[in-house]
Amino acid sequence: MTLDGALIRKDFPIFERLIDGAPIVYLDSANTAQKPRQVIDAMSTFMETSYAPINRSAYRLAAEATDAFEGARRKIARFINAPSVDEIVFTKNATESLNVVAQSWGRANLRAGDIVVLTHMEHHANIVPWHMLVAERGIVLRWVPLTADGQLDLTDLTTLLDGAKVFSFTAMSNVLGTLTPVKLLCDAAHAAGALAVVDGCQYVPHNVTDVQSWGADFLAFSSHKLCGPSGIGVLWGRTELLDAMPPFLGGGNMIADVRLDGFTTAPLPAKFEAGTPPIIEAIGMGAAIDYLSCLGMANVRRHEMDIASYALRTLNERYGDDITIHGPTNIELRGATLSFAFRDIHPHDLSQVLDQRNVCVRAGHHCAKPLMRLLGVNATARASFYIYNDESDVDALADALAGASDIFGF
Amino acid sequence: MPGLDDLYREIILDHYRTPRNRGELPPPAVRAEGHNPLCGDEIQVYLDVADGVVRDIKVAGSGCSISLSSASMMSQAIKGKSLDDVTALVNRFKTMMGLGDPDAISIDDDAASTAAQVKLGDLEALQGVVKFPVRIKCATLAWNTLLQAMSELPAA
Amino acid sequence: MTLDGALIRKDFPIFERLIDGAPIVYLDSANTAQKPRQVIDAMSTFMETSYAPINRSAYRLAAEATDAFEGARRKIARFINAPSVDEIVFTKNATESLNVVAQSWGRANLRAGDIVVLTHMEHHANIVPWHMLVAERGIVLRWVPLTADGQLDLTDLTTLLDGAKVFSFTAMSNVLGTLTPVKLLCDAAHAAGALAVVDGCQYVPHNVTDVQSWGADFLAFSSHKLCGPSGIGVLWGRTELLDAMPPFLGGGNMIADVRLDGFTTAPLPAKFEAGTPPIIEAIGMGAAIDYLSCLGMANVRRHEMDIASYALRTLNERYGDDITIHGPTNIELRGATLSFAFRDIHPHDLSQVLDQRNVCVRAGHHCAKPLMRLLGVNATARASFYIYNDESDVDALADALAGASDIFGF
Amino acid sequence: MPGLDDLYREIILDHYRTPRNRGELPPPAVRAEGHNPLCGDEIQVYLDVADGVVRDIKVAGSGCSISLSSASMMSQAIKGKSLDDVTALVNRFKTMMGLGDPDAISIDDDAASTAAQVKLGDLEALQGVVKFPVRIKCATLAWNTLLQAMSELPAA
């Protein structure tokens, strides 16, 4: 099935809004995605008719709310093909998910000198938690380098992984759009005796995800990038690992018993869900997953490949040497997230000027400063496309770029 | 909406008011403790097994009408039974509670059909609990504690 | 101004719902509160017209979303009279807020043998994080005991606090309804050289809160108990303390710089807000605070005192020795949260039977197992009242209790 | 909605294309570094002060048109000024940027009126930035870095 961006936009109320008399060209979905009416309504309806505490009360309203909440968990388990629904831990965002891995698994298992391997294209969320263990524990970080066209350079992977305890890597770069060979990387990690931690923040919203076929150990992702609400993320982990890890946050719901002199933990997933969970958000995330599943994730991927091809072709043909688009040129190896430099215009100025035509692109370091330094820039402009975009959005971007030259007088 | 009659059947209230096999057993009987973390209920199951047969069972602790009556009926049902029959009964009971969890799927066909044949007797009265999902944990508390006690039996 | 529960209920769509032909008598607000249309609409409208990333992009839509998000932070600062808006840290719930204090401040400042004082009426959220430091660090816990009517027994407070580094206590018990003398406790903590950490989860939604007049050091509370959405909580802390603490979660937004060999942290409050924050939830929480402020927190308190008085009177008059209501009888010393035992009926059964008349009360240990053991029970039934309740709800509860006796044949 | 003309005034673009006082100063000039964590911009300010007067100032690093032009205009405006005048100018500029933060409130009346009298000159061109709140951090980056440099001056 071919997706029709214009038709999909009709499900997203924000595209009815006019700024300066024109609709919004939203090209910042790698940052956070817009919300379809189905998600907004699911959250509203839940608050209007079924809101109640989860898991702790005997009355029907609470049972109904619990069913809805746990139903969302089951949807998520299916969406990533988790072997067990109890392996789906709700967190507040992917950042917390990665911190749980680093702080809970890491503190229990990593000692001074232990090696953790990251890649040069990681988001700060998959760097800083490990830096914190460097400072606290004296673990050692190694970095997988990049090729000139922004892929992982795997030449020395075996050497890098030698003796490593963890290999934590993104399935798709939020800057370069690069898709990494996740299964191959998981296999390489395991061959070296290391855990494979996958940052799926940019991958899960855009592709069919199957943690079992990857053979991954942990997967982190956020709801807000897949058309769900903010305030909720997921950590998936294999049962044996989650079972053996110490809890991360202490409080209600994560305990079996609490006495004056200590506590025991609840079974999965409650053990990692201290306090009142993101109830309304889980309902919304479930609705987002229903929405995406209905489109079909294979179709979503194909749709984005089409847009990315068209964008690369259009921008390169129209601006030639005036534009530098980072990352792989082979569409099979990338998603529809394009970071670029345009003439000498600073990305911040570029974004501001594009905004005058309602073209929303992000300018900045994209929470990937080590990668920025590697690219030799402080910042890039980034246009990222999703289900509700189509070729007309690429054209709008290309047209708006022309306006930027005028102001800066080239 | 299901009514309370589905839940509080007369036989359940009877077992609640007059629990059978209430008490403790001295070692070498095995002791296991179960919590319902949602409501704070705590139950202890004492299990005395010889030659693969449950010679005696006692239940202590406190809980609501559903958890205590379920424990009482369970104790009646398994006393004198072989461990194999007990296992079959546990499976049958959990199936009745709608607990089609992934583990249950892995039961082989033989075991499943054995489970289907096991007689629940009085325990059938607990069928109504399925309509009150929050109470399923109450009804199964004693059973999970029993399983734990069985897992702690010395190898035959 | 006297609040009219029936009028307020009209703002809450859930009270239009009928179960078995009758409306819901929701008496579980100490667990989580219902949401007014104003909050639901604020969240929907934000998603429909203004959803965008926060703080990281130059285009107008993002600037607008940022203003709305930071506006919510300002509302919260005013609501608790924080001296600076930068002291308002968004967390996922009060549980996380308390864990940040224990894990971030605690790990940096507490050593083996250091004393932390708690009270016997704390929620697990204010116990387990400290237990974790007992296990990890060897800190020592001391417990303020209770009087027979469920108040803090302060007879030996000076001795208990002697040499303590932290005094962490609830401003209102979620089980007994007891209000604690917060200012006095803060002063006592400071006199002993200890920090005063206030768990305001049950207090902030029901009373005028002023952290400056208390002289507190930290305050934790959740949005979902004050008619706001789930998925967001607040940690307020004094600037000097937050500034000196190490960060808790590592990732985007909380950094000033990230290099291959380390990172530096951003200023407050970003330092403690790693990753994409609860954007939609902050908007919703801001709307909830507007709603409550409009009613007036002093009026809310008076309304709840009236209901609590009526409830104590009605239940005691009607059921005499058959009912035991825990906690203070003096209305000045308690909120409108009533835990009770009714004849010999197990709270779980009681809650189930009350539910047949749509009366929603919580049965359980209320995440306060140490207190339960002190009371000599596994569980209590708890009816908790809020702005949308009135005397008719008390009557409904009293009537429904009669039905419970029938079934259990007394 | 404000138009881009409000932001990209000709004088701003001129300072952006031809930045004044660009470069570095050797010690004993004080060096301070500022980040804009949102966009990754980094700026270095070198400050040479003698007898309470700014003898020289240089700016290095990279940034957008707003941050670099603001830095360039700032360097022009403060060169040769007394530190008191510089402080007054910083306050005046921040007030123009709408930064009525709590600290600013604590300025006493005298200082506030002094600040009001300080001439902004070319810097007035940056007034339009207030309409683009996200860019305020760009416009003030150099100024905050300057304050930091001043705080690191050896005590007179």
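Every chain is named by a letter (A, B, C and D) in the order it is written, and numbering of its residues begins at 1.
By definition in this document, a contact is a pair of C-beta atoms (placed from the backbone, for glycine too) under 8 Å apart; a residue touches a chain by one contact, two chains touch by 3 or more.
Owing to the predicted nature of the structure, the values given are computational and were not obtained by experimental measurement.
Chemist: Between chain C and chain D, what is the separation of their C-alpha centroids in Å?
Modeler: The separation of the two C-alpha centroids amounts to 44 Å.
Chemist: Could you put a whole-Å number on the gap between the CA centroids of chain B and chain D?
Modeler: Taking the average C-alpha coordinate of chain B and of chain D, the gap between them is 75 Å.
Chemist: So what's the Cα centroid distance for chain A and chain D, whole Å?
Modeler: Roughly 37 Å, centre to centre.
Chemist: Would you mind listing the residues of chain C that make contact with two or more other chains?
Modeler: 19, 56-58, 60, 62, 255, 257, 348, 352, 363-364, 369
Chemist: Which residue numbers or ranges of chain D touch two or more of the other chains?
Modeler: 1, 38-39, 132, 135
Chemist: So with touch defined the way it is at the top, what topology do the chains form here? Options are line, ring, star, complete, other.
Modeler: other
Chemist: Which of the chains are touching one another, listed as pairs?
Modeler: So the chains that touch one another pair up as A-B, A-C, A-D, B-C, C-D.
Chemist: Name, in rising order, each residue of chain A that touches chain C in their complex.
Modeler: Within the complex, chain A touches chain C at residues 13-14, 17, 19, 24, 26, 28, 31-32, 34-35, 39-40, 43-44, 47-53, 56-62, 92-96, 98-99, 102, 123-125, 127-132, 134-135, 141, 143, 222, 224, 229-233, 247, 249-255, 257-260, 262-263, 274-281, 348, 351-352, 354-355, 359-364, 367, 369-370, 373.
Chemist: For a test of understanding, state which residues of chain A touch chain B in their complex under the given definition.
Modeler: Answer in residue numbers: 55-58, 60, 62-63, 66-67, 83-84, 255-257, 266, 270.
Chemist: So in the complex, the part of chain B that touches chain A is made up of which residues?
Modeler: Going by the criterion above, the answer is residues 1, 35, 37-39, 102, 132-135.
Chemist: In their shared complex, at which residues does chain B touch chain C?
Modeler: 1, 3-4, 7-8, 13, 17, 38-42, 62-66, 132, 135, 138
Chemist: In the complex formed with chain D, which residues of chain A make contact?
Modeler: 19-20, 346-349, 352-353, 356, 363-365, 369, 372, 378-379, 407-409
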